[in-house]
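Presented sequentially are two complexes of subunit A, the first with subunit B as partner and the second with subunit C.
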Partner chain A sequence: MLNIEKTIDASELTITLAGRLDTTTAPELEKQLNAALDGITALTFDMAALEYISSAGLRVLLSAQKIMNRQGKMKVLHVNETILEIFEVTGFTDILTIE
Partner chain B sequence: MEQTIISLNGRIDSNNAPKVEQEIFARLAGQEAGPVVLDAENLEYISSAGLRVILRLKKTHPDLSIVHVNSEVYEILDMTGFTEMMTVEKAYRVVSVEGCEEIGRGANGTIYRIDQDNVVKVYNNADALSDIQHEREVAKLALVLGIPTAISYDVVRVGASYGSVFELLNARSFSKILATEPEKMDWCVTEYVRMLKTIHGTLVPEGKLPDMKQTALDWARFLQAHLPEGPGRKLLAMVEAIPHDDHMIHGDYHTKNLELQNDEVLLIDMDTLSVGHPIFELAYMYNAFQGFSEMDHEIIKAFQGFDYETGAAFWRKSLAAYLGTNNQRKIREVEDKARILGYARMIRRSIRRHMTDTEAGRAEVAHWTEELLDLLERYDTLLFQPNELELEAVTENLEEVQSFVEDHLEASDCALKARTQIGVAVEEIFVNIANYAYHPQKGNATVRVEVSEKPVCVTITFLDHGVPYDPLAKDDPDVTLSAQERDIGGLGIFMTKQLMDDVAYTYKDGQNILTLKKNL
Partner chain C sequence: MRIIRGIKIGGLQQKIFVLMLIFIIALIGVYAMVTVHQQKNLASVVQEANVEQQAAITAVSEETMKTVLEMSMSRSTALQAYIANDLFSDVRTDVLTMQAFAEELFAHAELFSPHPFSPPLAENDGVPSVYVLHEPDVDPQDSELLKLTANMSEILLARFTASSKLSGCFVGTADGNLLVVNNRSGVCLSPDGSPLTLDVRHRPWYWQAVDAGELTFTGIEIDSYTGIATLECAAPVYHEGELVAVVGADIFLTSISEYIQDTASEGSFLCVINEDGHVIFSPQRTGVFKAELTDQALDLRAIGNKELARFVTLALRERTPLTCIEIEGTEYYLTGAPMETLGWAVISVVDKEITNQPATMMLSQYEKINSEARSAYQSGAKQSERTIVLSTVAILVLACASALFVADRVVKPLERMTMRINALSGSGQAFEMEDAYRTNDEIEILAESFASLSKRTRDYITQITEITAEKERIGTELALATRIQADMLPNIFPAFPERPDFDVYATMTPAKEVGGDFYDFFLIDETHLGLVIADVSGKGIPAALFMMVSKILVQNYAMTGRSPAQVLEAVNKQICANNREQMFVTVWFGILDTLTGKITAANAGHEYPAVMQGGGGFELLKDKHGLVIGAMEGLKYTEYELTLKPGSKLFLYTDGVPEATNAQNELFGKERMLNTLNEEPQASTDALLRRVREAVDDFVFDAERFDDLTMLCLQYNGPMQQA
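Take a look at the complex of A and B:
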């Protein structure tokens, strides 16, 4: 189960994720991102309530990062310890801006 | 040689012992030293002076027995070793169970409360002394092996049969608790399953208890004439394939045979105690809570005091707790295997007891037979692995696989972080199998979870019959590349390797076998 909440402020988009970002839920996030990223220059993921991420979730984050590299900036907030370790072993700590 | 019966009356002590001795030897004078029976029905007390008379009599008449001995006199004879020297038969106290509360019922007898502290188990057959002896012995054995149970301290006459008396203070059966306090269902399940696991974890010295497999083989052999040839033979082969197991099974484990005495849970009705594979026990349990009442839901009410729905819920919850998973597929599989043996037993029982003489009896046997034939078509073994789940390898089943693994990790003291990491690894491997193993067809995968204690380590094994493929052979992605340079994908297996302590692959017997290990 993944809860996706979007807040748009002009060209700034904040996505608050709660639950699990996995094989089952990642396609929905990808779909919503594709529909929302036009004209966005600042993308923020708030992961305070995200409990779990698998490679399917990482793929969505990577493609979002690739898009934002072209049109603005992207950052990730409030990552829990378990997810941070997954970012570390996969080199995502170097790719993402984690605050 | 004819036996001489001599009655002993009242008290025999130093006052009258010489006189009693005189009388006895006068009776026997002039006779050969044939068998002598002392009838102690009216003997109230015997002192050491009296015992010496019996000793002297034993010397001249070695074939000496004492019958109808009341319990006080029996105690004296027992303490002084007389019960070892000669045959001493107790007089049985007569007990009436008229108007007594029935608190338990088993295959061979019914248990009544005769007063506040005592219960009596009345045996169904009139010639029950050897059964009583058997139950006493197995109850003693169980107690010594660590099963909390009650051992009878007296044998009594009840009508035309015998009963054994137990001390059972303020005790209530689990059936009664379930019937009167439904909110205690979960507590009952926990205690019931705890006891079940204790029983099944008890190793019985060889030859001490009957082997339940032999009984089940009788069922299967009996059914050869009832079932079509193919399914009949299959049933027999399935029972034959159950390996010998020296662990204890109760053999009639339902909620009337579990008593709460103060705060202690006691197992009673021990006469069916056996050894064997747990599937035999589950078959009896299924019958008690479901099988016997499948057609007529009133039966369980009469027997257990609670309704069919309560019985079904209790059985399902207990099976889940026993297997350590809430996975419905797993629970159904084990239930189905228990049903195979359960139906075999009930069909045989009904036919042998001529219950098929009635329309209702025939309908019941027809129903059980139909169910049994369906099950025999769907299953090839009666064995089960609580920690193994076989299902279709499709991503829709990922959640089920993950919660199955979680159920087994919950039982161990696995930290949340390690649990999440194991979850990720399980997802990566299962999704990999779902996407590639059988593509474009579909097939099954098996997931096995093992938790070892020393050192604390989780091993998860995935098996599939898809195309041979070693996911570990692929090069690891370069995780130092920038976002722009990186491929989307290829991370799953790499993450799995990083998060687990060991990942191994082999191809054996037409199966891909992938093993994950995580030290906790």
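Take a look at the complex of A and C:
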């Protein structure tokens, strides 16, 4: 299960993810992102409570990154070891701004 | 709801039935109470009226009777007294006439010669005749007085013949002879034919008249010869102040006695009272009003009944009004009137009981009519009672029938509906509206709701069926796709039986549906073996299609002799050109030089390979990673080299292995994977893969497996011996 929490401050959107971002939960995040990203110039993912991310989840992050490449910037916060390993393995560390 | 012998207890039908029954019974109860009350009321009214009417009848009748009686009785009593008085007053007149005649006779004796006379003769008995009787020691032939008196013979005879009332008339001389006229000469004869003698001057009429010195009536005397009650009237005759004779007449009281006797009708009679208050004529045989001529006769004024005494005293003097007196326990109506000649009185007596008779009769008649009416009424009432009972039963039966009918009307459609609904089976059938449910009430609405629900359900079932069919079709197609996908991968092992220098074995165990993992190996030329393992993001048909494209692209570019990095870059360029869906694929691609064991590889975001060199264990090779293919255009990948000594193994896998999850949400992990591999690193390639799969299956146990499980294992045996 995935818990998605959104905080909007003007054009800055922070999305706090908790749980598992996988094949079953990724479509929901994608839907919410598509609806929320208009006019956003700074997107932040807080992954402190994210336990797992699958390739489907990576795909959503990739889409978001591509959109934000056009209209602003995107960063990923509080990435734990498991997630970071996945980012490293898949080469996402090259395209994501991980802080 | 129970069913006993086909009757539903507690069913709607029974409830309606009971409801109607209660209503009807209550109605009948009220009706019955009102009827009974009215009947009782009517009966009591009739009873009261009856009593009142009876009292009124009694009073009116008594009053009327009294009035009638007063008028008729006092009048008739007066009449009777008058008639009786008349009788005696005629006699009185006769006697006064004879007295006057006798006085004239004696006053002018010189004008008359002696008149012949005779004793009573037997032949004259029964016819009026004149004869002479005398005292025993008197000789009529010597009597000058008699000879003169005999001149009255014709006059006496004429007088007697003319009067019907006289039973005889006579002249007694002062010397003891008696000149008699009557029709009973026979009675004065002794059996031997000689005349009987008579103490003339000792007869009561004689001395009473002499004593009185004027006309007098004797009391009632018993006739010397006949023994018949007789009343005699006599008057003395004087000549020159000297008594010469007494003239008289006698009346047999037979007629008056008989008359009085005849007046006795039921409860009423006449009686005659003399101046002494004695009852002298009466039809009564007993009691106060019994006639008594003897010395024992009672004076009615002295028997201790004051009212009677007062009445009798009044009656002897004047006409009395109707008086009611109780005598010896019986009430009588009495009227009285005096008989002035004699100083007697006639009293009319009526038993009051008799006067009540008309009232009694009327009452009994009334009672009879009443009782007839009552019995008619009662029989009518009984009839109406029967009618009421019958009509009540009829109403009950009708009500029961109509209650059943109504209940049936309500329940029948429901039962029919229930039956129809129970009979529904199969998806094609639906509950249909029928005329039986067109009741214009809630039942119709219910039926319509059922029909619409049923229609919706049927439509839904049809839809579900279609969807299910569609799903099945898709499932079938997916299964087919999975098969096609699996068939696309080299799956005949040993794959290169003619190549002893290496051995490659691979498996792909899809999760529930078609996925995006794939492995591949192919000889680029005689000494170069291409190895691919890849994982497409996502699942299902899109992933499968993407995987196909990726697999073909990788192999195609590899066959052109490009280096691994060049192959991945070319594939990435190709895929990014048409990747609106943001799909990507992680690919590890390596080329083995079968002569040297050197592997040149590039990694586009894929898991670290595990390498077992010589007799050691498997270790992860943390190679240089590039970004997944499809993520960005124009990516550059770096290559690295790795040389396998003969007997070494390379183990490639997708994330389905380390990320296999058990029910406790624990990951299988690379640690367990390596441990499993290192239990017997020398085992054959297929045995190793089997071990890993079994270990993963054991770990996951009954939790659902989400990801494909794809593994590839290469063993390098050293270059082939040149033949």
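Keep this in mind: the second predicted complex is superposed on the first by the 99 of 99 C-alpha atoms of A that agree within 3 Å, B and C clash if a C-alpha of one lies under 4 Å from a C-alpha of the other, contacts with A are read in each partner's own complex, and residues count from 1 in each chain.
The rule we apply is simple: a residue touches a chain if its C-beta (ideal position, glycine included) is under 8 Å from a C-beta of that chain, and two chains touch if they have at least 3 such contacts.
Everything numeric here is computed off the predicted structure, so don't read it as measured data.
Annotation for the three-chain superposition on subunit A: subunit B and subunit C clash. In the superposed pair of complexes, A:Ile95 makes contact with subunit B and with subunit C alike.
One of subunit B and subunit C touches more residues of subunit A, and that partner is B. Once chain A of one complex is fitted onto chain A of the other, the partner contacts of A:Thr23 extend to both subunit B and subunit C. Of the two partner chains placed by the overlay, subunit B and subunit C both lie in contact with A:Arg59. In the superposition on chain A, A:Glu81 makes contact with subunit B only, while subunit C stays out of contact range.
Shared contact residues on subunit A (touching subunit B in one structure, subunit C in the other): 22-23, 52, 54-56, 58-59, 62-63, 66, 89-91, 94-95. Of all residues in subunit C, only 516, 535-539, 582-584, 586, 604-608, 625-628, 631-632, 655, 659, 667, 706-707 touch subunit A in the complex they form.
Per the touch definition, subunit A reaches subunit C in the complex via residues 22-23, 52, 54-56, 58-59, 62-63, 66, 88-92, 94-95. Per the touch definition, subunit B reaches subunit A in the complex via residues 395, 398-399, 416-417, 420-421, 423-424, 427-428, 431, 479-484, 486, 488-489, 491-492, 494-495, 498-499.
Of all residues in subunit A, only 22-24, 51-56, 58-59, 62-63, 65-66, 69, 81-82, 85-86, 89-91, 94-95 touch subunit B in the complex they form.
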